[in-house]
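Presented below are the structures under discussion, each in the form of structure tokens.
Here chain A shows up in two complexes: once beside chain B, once beside chain C.
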Partner chain A sequence: MGRHSRILAALGLSLGLVAAHPAPGALAQTRGGTLVMVTVPEPPTLASYLSTSGPIGQVVAKVYEGLIDVGPGFEIKPSLAESWSMSDDGLSITFKLRQGVTWHDGKPFTSADVQYGIMNVLREVHPRGGATLKVVESVETPDDHTAVLKLSEPAPYLMVSLNGYESPITAKHLFEGTDPRNNPTANAPIGTGPFKFVEWQKGQYVRLDRNDDYWQEGKPYLDRVVVRFIADASTRTAAIESGEVHYGAFGSIPNIDVPRLADMPEIEVTTKGYEYVAPMMQLQFNTTKAPFDNALVRKAIATAVDRQFVIDNVWFGFGKPATGPIHSAFEPTGLYTTEGVTDFINVDDRIAKANAMLDEAGLARGADGIRFSMIHDLTPYGEEWRRFGEYVKQVLAELGIAAELRYEDVPTWLKRVYTDYDYEMSSNWLYGLPDPVLGVHRQYHSNQIRPGTVFVNGTKWSSPETDALMDAARIENDPAKRAEIYHEFQRKVVDATPIIFMHELEFTTVHNTKVKNAVMGPLGVYHSFADVWLEE
Partner chain B sequence: MNELSETLPQGAAPGRLARLARLWRLFARNRAALFGLAILAGVVALAAIAPVLYPESPFSLAGRPMSPPFGDWLFGTDTLGRDVMAGIAHGARTSLMIGLVATLVAVVFGTTMGALAGYYGGWIDDLLMRITEVFQTIPSFVFAILLVAIMSPSIQSIVIAIAVVSWPALARLVRGEFLSLRNREFVQANVLMGMPDWKIILVQILPNALSPIIVAGSLMVATAILIESGLSFLGLGDPNVMSWGFQVGAGRTVLRRAWWICTFPGFAILLTVLAINLVGEGLNDALNPRLREGKA
Partner chain C sequence: MTGRLALILRRVVQAIPILLAIVIINFLLLKLAPGDAADVLAGEAGSATPEYMAELRAKFGLDQPVPLQLAQYVGRVLMLDFGYSFRHEMPVIDLILARLGPTLILMVTTIVIAVGSGVLLGLLAATGLNTWRDNLISILALVSYATPLFWVGLMLIVVFSINLGWFPTSGMEEVAAFHTGWDRVWDIAHHLVLPAVTLSLFYLALYTRLMRASMLEQAGMDYVVTARAKGLSERRITFRHVLRNALLPVVTMAGVQVSSLIGGSVIVETVFGWPGLGQLAFESLFARDLNLLMGIFLLSAMLVLVVNLAVDILYTFLDPRIEAR
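The block that comes next holds the complex of A and B.
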């Protein structure tokens, strides 16, 4: 109680200061104010170069920046790099860096920071950096404001991943000669972004203040961003309802409360801003275990499950039926297609059709009406996944498949699926990430059957054709040709159905209508907030 | 020695039937206990006829999700369209089964520990009671959560967890009874006659310590049902078995929109636990006449 009132007092004081010193001239209408957002759970550190953990990104994306920014429709926009050009063979990318950018400690930003940040920090310690930046053989720095990335092979997925959330550029003078895993700035980041880190009261809030020397003229509009940590879900709902908190993303406001909040005039709800992570819900098979080694059996189950029912009744309507391995968020880039892809969504008489397919597969019903028994493992992430498993079990029962549900703790389940492959069918969900090379290939390529590594190919399914398609797409720089390859890939994968694509999970961002420009493209809350402003 | 044991201070009434009748009279004097017994009988009947009333699995998707009660479905349907009443009927079987089996396991184990400790005393008593204390110092519900989480949720692991957290109280109770009976003349006489220890424990002392065990055991059934409901509520129930706690847990997120999903199973838990407590109270009155007179 005492702690809360102290925060409130601090906030009140800051608002008072704003009122006492109104921003000058033309910007008066849009400049100023403190944005309070809520993040769940509290991040373990503020080292986004070391962990992709969501809460870290939500806070630190305001402090660190990347070479580029990702705009609506996955458009690549300038950020620390003003412009860039790619050599014809796709093996070198030359970035012209912005002049006059300084770190929050006052030191100038140069190409040496880019070189050190990519080669010595991100490539070494970032969880995805090792894979994404593997193709970067060196970063050359002909002058202080030019950085040239030398690649071992063309990498069409590289540009999009150089944004400030995925590939934050860190200061060389703070990292050189230290172990990036133990850098003192891990909990007090120093970046180039629109907001400077001020303090982190553990268990309460992180305070970020406006960077007055920011390179974008007149931005950011906000004077301050306060990220609050409120453990109890209903307290978060109450806080946004009362206007005490302005902004909450990634399920920090429970879905069940969202429809009610959406009806309030001062609150806005959007499911946009998650295209970058492209989360997808799936049922995956161990394709080495009979009878799931038979594609017909897998497709029978894919036919039987009613995706819309699951979305409406388990996920409270937040979701969109999935059509294949690539998320529909990729539609603007041309990679996504439904053409020629087996359609499991618009099916009549699901159960009858699925039963016919199982008959065809030679799995006759026994005297008790049961074709076979199996164990269905549930994703141990909470209530919804359990409800989903209960639904699947009932559908399987209608197909004459006696399923038993198994619910274990996370490490045991991960080991079962990704190390021991000791399962038959399991629910799961993975991020599609901003390019199929980063988020999709890992589940289908034969070289991604890596016992002990989680969230890779756990179905053990692969085919020479799809391997070849993925290998080709990885180095194809021509967007049209690349799209063609991925269209074929979607047809092939859905035809084999090693994974039943259930639905694209929709997260919600709930914010006060006073907050303008709340979601600026696919990065959503992982964006820098330089354009966000508060209406008086 | 038979003559000796028959001259126990307790055996005033001749014949087994007459004694039972006397117990019933004492029990029936407590109106609340009769009320509890009636409810309990109802729950047992519901559990017995559940497969007849609802032959389909209680998990089957019966109809439109979140249909309100007293329409097509007596108590409505839940978020997936499962019949809440079918869940309550099948859940009664689970609750009673878990309550009884877990209690039985706890009673057998607790009584053994307590009997050995109380009868032999000395270092055996010290050892067994220190072990009991180790279990007693851990908060029982937290301990049960831990055990189920380690063993993975299933009916067996839940029964084991409940038994493990329930036996220590009984062990202490039985030890106390044995300590006081151990030094009574009829036991001393049996020792002098050379009766083996196990026979003295089972045939001579245990029957005389039975009343408090029965009372404590009956109340333990109620606690076991509560623990099971709590575990299921937290998502640690057997995912393949319908239970009241599971229904409450599954419905709590939609309490504002569909109050019936967790309300009716909640009432089932309340009534059953209340009934068992009332019955336990009645048993206490009937079996512990001294206490009853003290109250009057």
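The block that comes next holds the complex of A and C.
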């Protein structure tokens, strides 16, 4: 009896473990099938070396690969590079490249491709590459399968950004001697990835077929990936409901339909797979315009807005209150903290406290009960942003601030916030990206106040202390010291509140239960889909 | 016949300054919109360095003064070069031609269904004036005209795609299969049913009302009394005399609609994921893809001119009293 129950317990335990961690390979994968996914909007081109636009990455991450791959918990895994080592001073990284890899046109992949791709393509024309790869002074190629990156200063953020979505490696023989901005591969990519580009019927679909010569034995499992473009949100929902489409990420299935679909037995919903982009929703101020040049006024509004209310009532429950400039997805790396950071989440009597702060700031109510009037600009990305603006307007009214809402189209709004700085307060959202150097510094550093460049420092706020902290963290290779610097940074920024950190956006990936291994780590839909397979 | 030929020649000559004016006005209007294509591309990318933005603007020619941009554009159009869409990294003409086919398939089917059944229903209603037949048709026409297009489309999807499973929800082809030959034709026809029906319902109502009113107006004319006095049968009066005269306003209306054909229908294309020009124009406006947008505008302006001319000539066949001058 005792023995039996022990065996049963052991069995139960192991079963439980299997259920909790369905390790890839634990289930019998089947080969074949066409995966139909929907991407919105239709990408303008398929040049991920030229634009980081989300829809481009969703499609092309299946075609191009990077030197490394990002696994669960931001683990750096081999991809085109089999192994790597860093010199002690952190100024040189040696990559051993995989042998026997070929481009989709049949030519062999060598270290020359890495050299040309990084130095002549990504560093030159990639929108973030100029900043991320600035430290790479040269790429040396002692032999065909070794590439050595020589750096001007240590760059702790570099490795993670060498993945296939962020830093796709392109073929030298297709780019050499041409302007990478006008390369024919922009509409017909040729990479080393698990899927080959076949055709793009604009307005309809992109067709990617299995790369039979792929370097990972037996992969990919799918015969084909078709990416469809359907402009209407309700139709996308209908298409996934009828089974015509198997997979939709990044809110392509509107949040309003998600709870209903989640209840259907053949559909699964997950909010995983967005850790890499770490999107954060915010209210930002033009800190040069009175009265928002006063930190007390900014903090009063930060106190008054109820983050959980917004998540529950505007974003259909998808989201997590934000505490500061760094996303909680960085918790595993130790960079994230709430210690000593002003807490705007757990506050009682929000409105009373905020009103007291505004009184203290010397903004007395007039005879009509109004302290001042302002215009609140809304992020022009759809309904939820409007609802959010309406909520903020009501909160402001309770503080005696008369707010008018302004909703424009995307180019007009971008120009207003990032070129003309002709705004007082605007909602907005930005990617945190897999390292603060890439996603966070741009909003706070004084050298990021650059008129005409979007999604940089639009608040015009900066301080010598935070500038110094960011400069130090950029080159600090010791994780513990680096974490310490960023903890101080979070305390300083939240104390000044140039931006109200609202919540960490949670996107949903909606997929048919037939699709297995649908999300394989922080990259989510920006992953290569080499491991995805269809049941049946 | 020479009259018609002279008419065509004169209209073609007149068309040139009109088109030129359209190009210039469109260009200036579009330039009034704040923000440019570089802003949009960088906005979608989520981040960009200032050097990258400057490079984009230089590449798009946006760093040049506006009059120079206009002069260059007009110069290219005169050489029948529609320019290059930097957003799509493709020549504008290729983008437009790729969408022209699907647009024509949808719009021609729609116009044929709408005019055909509209004329028939209008005829039926007018010949059975104030009977149950007339009332039923009139009510149907009113309801289908008053119902929003997108709602009709979505309801058809819910009923016929999700619940009954008869038709696909969206798209123009079955993407998992990639049919060829006649299978492909059949597949496209299958995908065409719901969008064409949705769009037809709207126009159909218009033609039904127009045809009915026009028939009734003609029926009270003196020539009908004369025909009846001659002892002609009601059938012959209706088809031989009244119908032909009553068709004139319908042809005018259809002409106007065919002109808007190239614009497609943004709503129906969006709801059914149909790859038409309407959606392309809509997207390029928000992307500030001016070259592409101007190309579409120019093409539709040309079409309006051509169709107007064709309608004028068609009049002369329908009613010999109208002369081509």
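Following the convention adopted for this analysis, the second predicted complex is superposed on the first by the 507 of 536 C-alpha atoms of A that agree within 3 Å, B and C clash if a C-alpha of one lies under 4 Å from a C-alpha of the other, contacts with A are read in each partner's own complex, and residues count from 1 in each chain.
Simple rule for what comes next: contacts are C-beta pairs under 8 Å (C-beta built on N, C-alpha and C of every residue); 3 or more make two chains touch, one makes a residue touch a chain.
Bear in mind the structure is a predicted one, so any value in this text is a computation, not a measurement.
Note on chain A: of its two partners chain C and chain B, the one contacting more of its residues is C.
Of the two partner chains placed around the shared chain by superposition, chain C is the only one that A:R207 touches, whereas chain B remains out of contact. Contacts of A:R387 after superposition on the shared chain: chain B is touched, whereas chain C is not. In the superposition on chain A, A:I256 makes contact with chain B only, not with chain C. Once the two complexes are overlaid on the shared chain, A:H173 sits clear of chain B and of chain C alike. When the two structures are aligned on the shared chain, A:K107 is found in touch with neither chain B nor chain C. Contact with neither chain B nor chain C is seen for A:K150 once the two complexes are overlaid on the shared chain.
By the touch criterion defined above, A:R406 reaches chain B but does not reach chain C. Comparing the two complexes, residues 409, 412 of chain A contact chain B in one case and chain C in the other. The residues of chain C lying in touch with chain A in their complex are 33-36, 39-55, 59, 87-90, 95, 98-99, 102, 150, 154, 157-158, 161-162, 165, 168-173, 175-176, 178, 269-273, 275-276, 279-280, 283, 286-288.
Interface residues of chain A, counted against chain C in their complex, comprise 34, 36, 41-42, 44-45, 47, 51-54, 125, 127-128, 130-131, 181-182, 186-187, 201-205, 207, 224, 226, 228-232, 234-235, 238-239, 241-242, 244, 409-416, 419, 430-431, 442, 450, 452-456. Remark: chain A residues 254, 256, 260, 312-314, 378, 382-383, 386-387, 389-391, 393-394, 397, 404-409, 412 touch chain B in the complex. Partner chain A is touched in their complex by these residues of chain B: 57, 59-61, 65, 79-81, 149, 152-153, 235, 239-240, 249-250, 253-254, 256.
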